[in-house]
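Both of the next two complexes hold chain A, though its partner changes from chain B to chain C.
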Partner chain A sequence: MTSMFLERGLLEEAAVLLARTAEVWAPVDEPGLDAPSFGRPGEGLPLAIGPRLPLLPLKTLFLPRVEELFRFAGGAEGPVVVAADVPERERVVLGALACDIRSLELLDRVLLAEPADERYRQRRERTTLLALACTGESPACFCTSLNIDPLRPSGADGLLSPTGEGWLVEALTGKGRDLFERLEPLLRPATAAEIEAAGALASISRAAVSLDPPPGGWDRVWELATWEETATRCIACGICTVLCPTCHCFDVQDEKRGSGGARFRVWDTCMSQQFTQMAHGMNPRPLHFSRVRQRFLHKLVYFAERYGAIACVGCGRCARRCPNATGIDEIAARLRADLEEDGNA
Partner chain B sequence: MPSGLMTPEPAVIRAVREVTPDTLLFQVDVERPAGAAPFDYLPGQFAELSVLGVGECPISITSTPTRPGLVEFAVREAGDVTRALHDLVAGDRLGLRGPLGNGFPLPALEGRSILFIAGGIGLAPLRGLINFVLDRRERFGAVDIVYGARSPELLCFDWEFETWAAAPDTALHLTVDAAAPGWDGEVGFVPAMVRRLGLEPADRVAVACGPPIMIKYVLDDLAAAGYGSDDVITTLELKMKCGVGKCGRCNIGPRYVCLDGPVFTLSQLERLPREY
Partner chain C sequence: MQQDRLREIAAGFLGRQDARCFVGWEDLPDGSGTRVTVVSRPARVSRLVWNRSCFANTVALLPRLGGTKGVIGVAVKGCDARALRELIRSGQVDRAAVHVVGVPCDGLRERDGSLARRCHGCRYPADFEYDEVLGPMVTPDLPAHPPDDLDLGSMSREERRAFWNAEFDRCIRCEACRRICYACFCPRCIFESTDPRWVSRRDGRPEKLFFHAVRAYHLAGRCIACDECARVCPAGVRLDLLNRALRDGIAALFGYEGAGVSDIEPPLRDFCVDDPDPFAKGRT
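Entry: the complex of A and B
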């Protein structure tokens, strides 16, 4: 198949063309924000297709921050459910990066496990992911340490590789081929030089980070004094859970409007004391450090044991945005060191 | 389950009965449209009960599938949703999602003698299993039921006691924490009564549910008395929202109480962090 090329100046036009048949989402730059956010191209904000991580991860498009589950209305015998599942339009995401795409594959393991979350499943099935080959933003990210290839993300339907004055485009799945057929009027065959340049793309060197257990395993990690020691600087703001592409915990609440209302789900955080606080007073994680421990062990140990992978994609958002600059990489290193020291004692 | 993982189905309350001053028994008709699968459940499973506009909370099923008809839930008033449930009366609707969770391991219990140990409202999930066992009496060995509460009026399901005590090869051992006027039965904590009875492990399985402090002593005592950790079963309560393993709230280490529990053997719990 001939390799095709999309010229930089045609990007906005490509987004408009795709928007005729689908809801298009892409990183856009909002005034005053230091990072792009996922938005709708063509609504006045400039596209930010590049290796800059959006502030909020891709999960926002699949497990929205607030989502109505159903509405209810007052009836003679009390409120009754009047609306439930709302089908979603077909969607295209332009310019997603490998770390965020990998996070969807991890979220799938939770949300598509039987009984599957129907709303999430519909969004996944109806979304075509067009990835941008990521040449790296900052040394704070470490996707390569988690076996993610930032230049050829697995899980994407199509790939844009930046080269020269645009992008070499490549379909990776049937969904991706359909998408490029729609873009055909804007594509031209790539030149040999462009193909060669795309093949020679290199990602900036990234931090080598290990989230793996020490040789003796994580067995005694729960008991370590490390938790009490490291938790002292955490202010329990929960921003790490908001920004983490793999954090998926949600709360379910009702909102009354007159005699009716709605039940919705909303992102929640395990850093909150309320998260596990039961109505009759008992709380299995009553102490701050026990909640810090839960967050990191969920990523490093519990998720790995249950779903077969560490729940981290190396995006570095937690470390960069934490008020106290605590990242999962630093915690894992400290735990490994303390376990080894403990073992040698 | 009807469409929508998080959408409750309507169920009509046919009767409400006082269990204790703070606990009501709801007898619920899970009406499903013609052709839909019936509400089939196991003792030990639970359901999410909704009052639309207030919220939803997990409540164990206290009836037994051996007695088809109404499904029963004992609800102790503790927070907003249980308070709203207490305001409902016969004829009202509530929202229901379920049955959820694993339920008791019935095949593993068959042929065994069973020591039931319960404290307070902890009898609710065990009552379904006790009545299941007594309805299938020939499939099980000796039954001992040790049950206690803080005071006589907090003993749940007192209308069952006579039937249980009179069932073949079944003994009911009641106790309350402190002496009270009109109470001529045993006085003392549940773990002490279990120790005093000295029921040998032999072919026996222990099934316990109660407040965390009671469970802690009971589990330790049973281990000391020689019960194998596969032969000690308990059912746990943690805060839940979705009830189907998505919202990430009820984990104990890598296990979710809503999916992998609420029923666990002691040997399963021994491999988990002590966060329950």
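Entry: the complex of A and C
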């Protein structure tokens, strides 16, 4: 297949063209925010296709913060329950970055395992992901340490590689090919120079970060006295869980007015005491440090044991937005050092 | 150097038999700023720093550290001292259980070098008894308002509504604003109550407005203007302006000079038998 090229000036037009047949989402610049957010192009906010992490990760488009599940009402004939639909329209996400796309692959392992989360599954199936080759968001992110290739994300349907005055476009899946067929009126064959430049694209050098267990494994990590010390700085605000692309815990709540109402799910955070509060009054994680420990061991140990990968994509949102700037990379390094010190003592 | 002196004082304090830990600031791992730190051994005091990017409120940590044994040392700049005074006055911190080290501050600096927004109009608490100080703890002579200040009071109601709608539309309801706040120490919180659930966790405009209005009202008269809520907000919501509107309102209605600068009970936590308000009169 001939390599095709999309001129920078035609991007908005491409979004409009795709919007004829699909619901298009892309990073946009919203006034007041210091990072892009996923929005609908053509609704007045400028597109922000570039190597900049959106504030909220891609998961928001697949597992929304708040999602109604069904409505209920009392009636003379008995209660009536109406399930909330997942819109059937096809969706296209433009300009997603490799780290965020990798997070969907991790979420799939949880939410598509049988019994699959039907709402998540439908959204995944109906969405075409057009990735942007990421030349580097900030020195604080470390996707490469987690074997993610920011320039050629796996899990994407198509790829935009920035070069010269636009993007070299490549289809990576059948879904991607369909998409580029629709964009055909706006594409032109790429020149040899553009193909070469895209091939030579390099990402900024990122810090080498290790989230791997120390030589002796994580076995004794639970008992480390240092958890309490590590947790003192944490104010349990939960920003890290809201912004983490791999955090996926939610609460299910009913809201009732009169004889009717709705059941919805809403993101929850393990940093909150309520997260494990039982109806009968007991709380298995009563102490702050035990909640901090849970959050990090879930990412580093439990998820890895159960789903075969560390639940981190190296985006660095946790460290960057934490009021006390403590990210998972620093925690992992600290734990490893403490275990080694402990082992030598 | 004040920073060296701070380390000396912390080391001296941690050498005491009854010392538990010392709360101050340390550099971020990447050197791009500072954060709160808790040091428990004299050998570790070299981590402590003091400079004009020490934004974090050290005092907010105190009620959360828990435990009852021993004394906690804490470095406080002017705004932290206001918070500490409020926590002591409202019985959240036992004065005898903290060793307070005053750090004179002539205003924090934003990344571009300008005076931090929060530092405009700063007032140090009067007659606060520090255990040790790095220098005279006097209110610095700083401009009352930032040069690019938004004057919400001069806007029409419609303009103000549009302004706040735009601000709250960005809110992602992570609620870091309430959890960072020094004054959010209630063991039972209206936002966390599940039975009854007073505040919906949906994220529509009405729910966000309700959340922010309730939060601001609960802090009315207790906010010490440290702007930590605005600092940690990932969506850049101008909570500083909301809090200020409440502070200005309390000042105008009750002549209250602001939390943390004196030991006067904040008006909304107080009552008087000859309250002129018809609400009070109507009660039997």
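Operating definition for what follows: the second predicted complex is superposed on the first by the 336 of 345 C-alpha atoms of A that agree within 3 Å, B and C clash if a C-alpha of one lies under 4 Å from a C-alpha of the other, contacts with A are read in each partner's own complex, and residues count from 1 in each chain.
Heads up, the rule we're going with is that a residue touches a chain if its C-beta (ideal position, glycine included) is under 8 Å from a C-beta of that chain, and two chains touch if they have at least 3 such contacts.
What you see is a predicted model; the values in this text were computed from it and never measured.
Trainee: After the chain A overlay, clash or fit between chain B and chain C?
Mentor: fit
Trainee: State whether chain B or chain C is in contact with more residues of chain A in the superposed arrangement.
Mentor: Of chain B and chain C, B contacts more residues of chain A.
Trainee: Given the touch rule stated above, what does A:E330 touch, chain B (first), chain C (second), both, or neither?
Mentor: The second partner, chain C, only.
Trainee: With both complexes superposed on chain A, which partner does A:R306 reach: first (chain B), second (chain C), both or neither?
Mentor: In the superposed model, A:R306 contacts chain B only, not chain C.
Trainee: Angle at the Cα centre of chain A spanned by the Cα centres of chain C and chain B: state it in steps of 10 degrees.
Mentor: Rounded to the nearest ten degrees, it is 90.
Trainee: After superposition on the shared chain, which partner residues are touched by A:R182: those of chain B (first), chain C (second), both, or neither?
Mentor: It touches nothing on chain B or chain C.
Trainee: Looking at A:Q253, would you say it contacts chain B, chain C, both, or neither? Reply first, second, both or neither.
Mentor: A:Q253 sits against chain B and chain C alike.
Trainee: A:G238 in the overlay: touching chain B, chain C, both, or neither? Say first, second, both or neither.
Mentor: second
Trainee: Between chain B (first) and chain C (second), which, if any, makes contact with A:S290: first, second, both or neither?
Mentor: So A:S290 only meets chain B here.
Trainee: Output check: A:L33 vs chain B and chain C. Expected answer is one of first, second, both, neither. What do you get?
Mentor: It touches chain C, and chain B stays clear.
Trainee: After superposition on the shared chain, which partner residues are touched by A:P115: those of chain B (first), chain C (second), both, or neither?
Mentor: Only chain B; A:P115 stays clear of chain C.
Trainee: Using the superposition on chain A described above, determine whether A:P79 touches chain B (first), chain C (second), both, or neither.
Mentor: first
Trainee: Upon superposition of the two complexes, what minimum C-alpha distance (Å) separates chain B from chain C?
Mentor: Distance of closest C-alpha approach: 6 Å.
Trainee: Where on chain A do the contacts with chain B and the contacts with chain C coincide?
Mentor: Residues 251, 253, 277 of chain A touch both chain B and chain C.
Trainee: Going by the contact rule at the top, pick out the chain A residues touching chain B in the complex.
Mentor: Residues 69-70, 72, 77-81, 84-85, 110-111, 113, 115-118, 222, 248-254, 256, 260-261, 263, 265, 268, 270, 275-280, 282, 284-285, 290, 294, 297-298, 301-303, 305-306.
Trainee: Across the complex, what residues on chain C touch chain A?
Mentor: Contacts found on chain C: 21, 28-30, 33, 35-38, 40, 56, 60-61, 64-65, 166-167, 170, 172-176, 179-180, 192, 194, 197, 200-203, 228, 231-232, 234-237.
Trainee: Please give the residue numbers of chain B that touch chain A in the complex, ascending.
Mentor: Where chain B meets chain A, its residues are 1, 3-8, 10, 52-57, 76, 78-82, 91-93, 95, 212, 237-239, 241-242, 244-249, 251-255, 273, 275-276.
Trainee: Can you check the complex and tell me which residues of chain A touch chain C?
Mentor: It comes out as residues 30-34, 55-56, 65-66, 139-140, 229, 232-233, 235-239, 242-243, 251, 253, 255, 264, 266, 272-274, 277, 288, 321, 323-326, 330.
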